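Can you keep this structure in mind? I'll have questions shortly.
The letters A, B, C, D, E, F, G and H name the chains in turn, as written, and every chain counts its residues from 1.
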Amino acid sequence: MSLKELEQLEVRFSGSGGQGLVLASIIFADVLVAAGYNVIQGESHGIEARGGASRGEIIASKEEITDLAVSEPDIFIAISQKSCDKYYQDIKENALVIIDSFLVTEIPKFKSNNIYLLPFTNKVKEEFDSILPTNIAFLGAMAELSNLVDHQLFIEAIKKRIPTSVIEMNLKAFALGVKMAQAAAKDKE
Amino acid sequence: MSKLDKYLRTDQMPHFACPGCTHGTAWAAMIRSIEQLGLDKNKTVMVCAIGCAGRLPVYLDFPSIRTPHGRALSYATGVKLANPDLNVIVFMGDGDASAIGGNHLIHTARRNLDITAIVATNEIYGMTGGQYAPTTEGGRFASTAPFGMIENQLDVCKLVEGAGASFVGRGDVYHVRELKDLIASAITHKGFSLVEVFTTCPTHFGRRNNMKKPSVLVEHLKNLTVSKKQAEKMTEEEVAGKLLRGILLKEERPEYVETYDRLAGFKEEGESV
Amino acid sequence: MKDKVLMQGNQAVAEGALAAGVKFCAGYPITPSTEVIEILAKKLPSHGGRFIQMEDELASIGAIIGASAAGKKSITATSGPGFSLMQENLGYAAMVEVPIVIYNAQRVGPSTGGATKPHQADIMQTKWGSHGDSPRIALMPGSVKEAYEITIKAFNFSEKYMVPVVILMDELLAHMRESVIIPKKEELEVINRRTDVAPQAEYLPYRMDETGIPVLPPLGGGYRYNISGMIHGENGIPDLSPETIDACVRRINSKLDKYYDDIVIVENEKNESAKIALFVFGSTTRPAKGAIKKAKKAGIEVELIRPITIWPFPEKEVREVAERMDKIIVAEMNLGQTAGLVRQAIEGKAEVVQLNRVDSGHISVDDLYHKILEISS
Amino acid sequence: MTKIIIEPNWCKSCGICVDFCPTNVLELDISGKLKVVDANACISCKLCEIRCPDLAIEIEED
Amino acid sequence: MKDKVLMQGNQAVAEGALAAGVKFCAGYPITPSTEVIEILAKKLPSHGGRFIQMEDELASIGAIIGASAAGKKSITATSGPGFSLMQENLGYAAMVEVPIVIYNAQRVGPSTGGATKPHQADIMQTKWGSHGDSPRIALMPGSVKEAYEITIKAFNFSEKYMVPVVILMDELLAHMRESVIIPKKEELEVINRRTDVAPQAEYLPYRMDETGIPVLPPLGGGYRYNISGMIHGENGIPDLSPETIDACVRRINSKLDKYYDDIVIVENEKNESAKIALFVFGSTTRPAKGAIKKAKKAGIEVELIRPITIWPFPEKEVREVAERMDKIIVAEMNLGQTAGLVRQAIEGKAEVVQLNRVDSGHISVDDLYHKILEISS
Amino acid sequence: MSKLDKYLRTDQMPHFACPGCTHGTAWAAMIRSIEQLGLDKNKTVMVCAIGCAGRLPVYLDFPSIRTPHGRALSYATGVKLANPDLNVIVFMGDGDASAIGGNHLIHTARRNLDITAIVATNEIYGMTGGQYAPTTEGGRFASTAPFGMIENQLDVCKLVEGAGASFVGRGDVYHVRELKDLIASAITHKGFSLVEVFTTCPTHFGRRNNMKKPSVLVEHLKNLTVSKKQAEKMTEEEVAGKLLRGILLKEERPEYVETYDRLAGFKEEGESV
Amino acid sequence: MSLKELEQLEVRFSGSGGQGLVLASIIFADVLVAAGYNVIQGESHGIEARGGASRGEIIASKEEITDLAVSEPDIFIAISQKSCDKYYQDIKENALVIIDSFLVTEIPKFKSNNIYLLPFTNKVKEEFDSILPTNIAFLGAMAELSNLVDHQLFIEAIKKRIPTSVIEMNLKAFALGVKMAQAAAKDKE
Amino acid sequence: MTKIIIEPNWCKSCGICVDFCPTNVLELDISGKLKVVDANACISCKLCEIRCPDLAIEIEED
């Protein structure tokens, strides 16, 4: 069943504080709102103000939403080993999983087979000499692989949430993510 | 592992602070001065409150109490009066000590209670995500100062001096060797001693003020302060806008508990008259 | 169609306040409410208002009472520890009848507890935190969208009844983002306090007309009268005669009885076939609806009763429901604060079944559904 | 000779020791790991040790 | 026979505290409680203790928690406005389980109200004034003599259960003088907190034995552990895992349930022929006895139920009485705070009849007698 | 009746204070300076809190608000920010201002908000029956200082100076003509101004310290203070132990609301950009 | 019926703040305690901290006391006009009334006939060049006229409550009060 | 000549004006009432007026 057909879509972004995954989840939530979904988005952090495993979650539906938290993600994204270990277990069987293969070196046994291990941090660092837009590269890959919403909506949402000074870099990172995903998808075929 | 292991709750390490947060540097300097003075761990009580600065002593293997935000000095007052034999050290953030805790600060200083208060001034509320503090420099940005800091900056040292403190010192985490000695002098001072330590918060202060890199922020401190000695050799213009570093005030003044026990005729129960 | 936007709970409170015409905010940072003061710090100046970060919470509430006394709609935002520090001044505002709005984003307690996690355990405190008998209104939105609307309501009630109003949310709702449609300005009802008073020579601040609510023109706006937290007569001047004490204490408290029907807002769709009712509030509203749907599918009818106004407590409405039910499940993220209130209201007319979570996890559809199954079998 | 001891579990890769080391003994690698790159250059000034906020680096002389 | 002396209520509290072994008092003056700190300021030094007047009430309670953490029995004295300022720290003491005693001489409220006149309107605040769910014990003496004894009890409970204890009196009792007989030292039961702990290496401050009460040796007395108002595990170190939050919040609150029978003290002489009960407390105890006598003469039997322990609320005892009565008169100098609690406890088993005075006059024999006549006709 | 009737709520007179309580003298001096300056009654807000000093303004015919004990300056901050056109005058007791209200005092001073704070220092808590205040001189007796005042005495002027105030003055009710002018200068100062006025409490301070007669207490003040001018002509020994009188500090410093409105771009609703 | 035979004795001292009437009531309460009574004593003041009408009240009984406040005084003492006017009304029909005739110039219509108008303040001022011990002179008169308790108990109670430096003067004032009362009682006969 | 106006209902007989009057114009009688005993001696210094805590005495010059 394609993600589009789900009655309720559940998404989890996870990583370490400072990696921008909460912002990524907010941008994706924006995208879903723009696409006409009802959306709720939430975040949670460890006891550490910063640095621990943290996550951003989205529930989207065309109907009224009655849940408050993701229980079984349809999409799972992990940008750090800690967060991957902590949050991978309860994903859905066919969940779309996107992992930073540069930072997550020990891959757990996922329930799903729909897994993409891509070295985002590495590639982004190479391309931009900064790892900051890694989160947006993830969004690019997700836009491509989820095939839920038109890429243009992502681009608009990014523009709205990212400071003008770094928009260009981030849009490029988005494109990079799309490209990486396309390549990987091709590989899979 | 660390040479200082015996002062740490090593099972709690690494501590929670952000990468490059130099509260840790100030805190380590404090441990080193405790080591230098050879204080008895069992008789040295750490009193802290809430905030990043106030959280660090969780990692120290001393008897410790973390109070509600701003209240550390009032609790410390009770600890000291209950048992004047203890060394009581209070480690606070600048917001904790001088905003919500400002009243306790001035009155503990005035009473000259034999407590050492260390205020870690990072010019921001770190724990709550980067709001301005009374100590934030004019024009700096903070989440609640989107147009730049509008209020006049508080000088914690001048404040406690005005309140009647008998020992006031200032240091920073660039001049960290001096800092250790300064804290040691403060602890050995009989009466209330305050040490303000300029520290750095890359996560919130740095990020909002174009000094994200931890070392850049620390470097910035280098130029913020000037030692009292150096200042004496400098022209007024050269000193202007800089904060003095070192022991700024040290006087012998009656200590509260001593005066109390003498005047009120304190005697342990069972003591003969 | 108006645009849907993604909005955070705290943002909804800040935006709602602006829509209600807030002109002053004083606050002291505390998780999980801080976004409210951050947004207002940024936006107030361009909306004809001012923000100040005070030295602590005592000062914050003091400043907003002062500003409101001078005629400006005022708000502060806080969470448990800060709310505790505000109690003396909160009682003062109720006593002198100067309207203020306080936003409390509830976090894990007691004490410093857990700043980044939700509880719903400041409910009793909201009414009883201050010494003496004094009135307040407290409202609990069930979603981000409601947070916006309820914030406007909070200002309206406050101005209309000259009473402090507390907006009680929890960390979950405070930090949750939701797609919402912001109503147009024209669609909003915004109420401002009365200023139609007699000329200075005849004016007495606490002389009542038939409304039973004082009319207090802005301090410094041309009227010279005294505002005092001591027991005071019609002229606002302290007076400790037994008659004045009696009159003062009773009147300020009876205001809310008098306007109960306007103030008390409850979501309650009657379900004639239900023998079980679900009493929930705040962020649990959503899961409650999910659980009721789920139960219906399983053939169990459950009626929802959801107070939006928690103070004054909707005694009448709850009692009416209890008269039709066998059992009422009271679900809350505390150890049973409103369960006690429900019990008090219904005086044995139905069995109260408690569902309490205090581990900081939210009460989920499944938590509720299982409880429904458990007691209906 | 001095021994430079790094506690990798405590180090947070903040770079303070790296940037203040007068003789460029230390470096952070791409993945952020702190490395001793020129142990011989160390002059035992201990600036790294005393400025490290995390007690993660120490100099041992003998 | 021991000598009778004339003693003021506040003096009885101060003397009771000394008899209980108080070693530290920090306070801030406030009518009508100030005599307590004045007496302790004078007497503590010669009893091996110290007094300090702090800069405010926040500091006062902070100092006594600090002193108690360092092993000394500690007290502060205050009244409504000061009590409101203490709420954050009061919740802290309950959370970290450091014993303290707070004396609150209730005065006319809300707000500054009337300093020199009595109310009994801080009862709900005593339990609910702080954010979150946290435990406390509150005791209400009915005479000066009891004030002395109950103060000792307060320290005993506090030390035994590691919980803050509030002594609730009112201005009337605080300032009233009475002839009392002071018991000899040998006749007094004085309890000190436990200090029998494992060696440092094995010691965890919040690891429970079967008592469910932590053993916290004096800070600086040889044990190195952390006291924190954040949610903490057995080691006292902050931990926000759901399991720890749940365990921490539930355990600190369940202590009082566990020892309910020891803690709850109620004066209640059963009267099999009575269909009316009189529920009173504090200074109303005396007039209640007068009224019951008077009613008896008029042929009406009335049973007295008088909580000395008001928190935890004596639900069981009140329910037992309600089961035998038609009506319970709840008489109090507030707008009905304990009437609500009684209603909650008895769930419709008897009719609750309120008698409230808030004009600062006491509830007299005649007030009560007339109410009895009124409802028995 | 009185020449000052138009400033009084005459129906409330005589005021409640004890015979010989010179809070009334300070208060009268304040009214006279208001008269001298010709301030608009309707636009001059009195903010006071609790205590004998704080109660007096009940008798003044101005818009007035009496806050909880210690909180006057925080309320005044709100009043001023809500309507910067108002003259805001805060009349406080020493306990009110410097003990429970100490934190608001230092932070209002630091912000340099255009408010005039008058602190009536009688070295005692009058209203509650004679407990010591932070301002009580060492050795003096009070109900809570049965062995004589043990704590070091607070110098309110130094405290607010240390906090960053831009106007600090001290007067007393012996030198009452000077006092009127001092208060007038304080009110006209743009920014935060503090005037500490030494007053006398015969009922509690006097009674416990052998100065029961009102005029004796007032006479005592005569020797307690020395004017700044006189002091300049005196030797150090002569000045020692005396408190300086007059304008102790006056600087031009950015005022809070002005800075705020400028930097934050405040504009009334409806104002065009 | 003599005061001694009353089941419950109610006494009200009234005056202005500062006149020492509360202290007088406390001393009298001490006396009654020493004489074996159960006693409760209370005081009340106006809104003014000082200066207004205030009163000190005593209830004494050999039985358990169930009242909290005097309702109909058996003994009524007034040292100021204000307090006399404010509190005279509810006295018992045969109440013993002692009034300072120097300060209370307008005598209200009392229910009782057992009234003593004596110029205490004046006499005390003449004798001691101070009006301070007026309250104790009142006690003397009361000791004499009430005929309830041995004078010696009064003297001991006074010694206990009065600072040593002024005890002598106060004992003399007590004696003066006794004398004034004796003279007045004789006049009445 | 100066007129000395006393408001008897406001005067609390504290004696401050009496004790500070440089020319002994004022006196308190036995019952505590404030009296002008030597109006001619008054030099209009107004010390009584400005030191009176109760606004109870005023000097009117013409």
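Operating definition for what follows: contacts are C-beta pairs under 8 Å (C-beta built on N, C-alpha and C of every residue); 3 or more make two chains touch, one makes a residue touch a chain.
All of these numbers come straight from a predicted model, not from anything done at the bench.
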Third chains touching both chain G and chain D: none
Centroid comparison with chain H (C-alpha atoms), farthest chain: A
Chain centre separation (chain A, chain F; CA means) in Å: 61
Separation of chain F from chain G, taking each centre as the mean of its C-alpha atoms, in whole Å: 42
Whole-Å gap between the CA centroids of chain B and chain F: 32
Centroid distance [mean C-alpha coordinates] between chain G and chain C, Å: 55
Overlap residues in chain F, where contacts from two or more other chains coincide: 18-19, 66, 68, 99-100, 102-103, 107, 127, 134, 147, 260, 264-265
For chain A, residues contacting two or more additional chains: 47, 51
Per-residue overlap in chain D, given as positions that touch at least 2 other chains: 12
Complex contacts: residues of chain F adjacent to chain C: 9, 12, 41-45, 47, 58, 61-68, 71, 74-79, 81-83, 85-86, 103-104, 107, 257, 260-261, 264-271
Residues of chain C that touch chain E when the two form their complex: 58, 79-81, 83-85, 87-88, 91-92, 94-96, 106, 108-114, 116-117, 119, 121-122, 124-125, 127-134, 228-231, 240, 242-243, 245-246, 249-250, 252-253, 334-335, 337, 340-341, 343-344, 347-349, 357-361
Residues on chain C engaged by chain A in the complex (per definition of touch): 4-6, 114, 116, 144, 172, 175-179, 283, 286-287, 289-291, 293, 362, 364-365
Chain B-touching residues of chain D, taken from the complex the two chains share: 5, 7, 9-16, 18-20, 50-56, 58
Touching residues on chain G, where the partner in the complex is chain E: 26, 29-30, 32-33, 37-45, 47, 64-69, 71
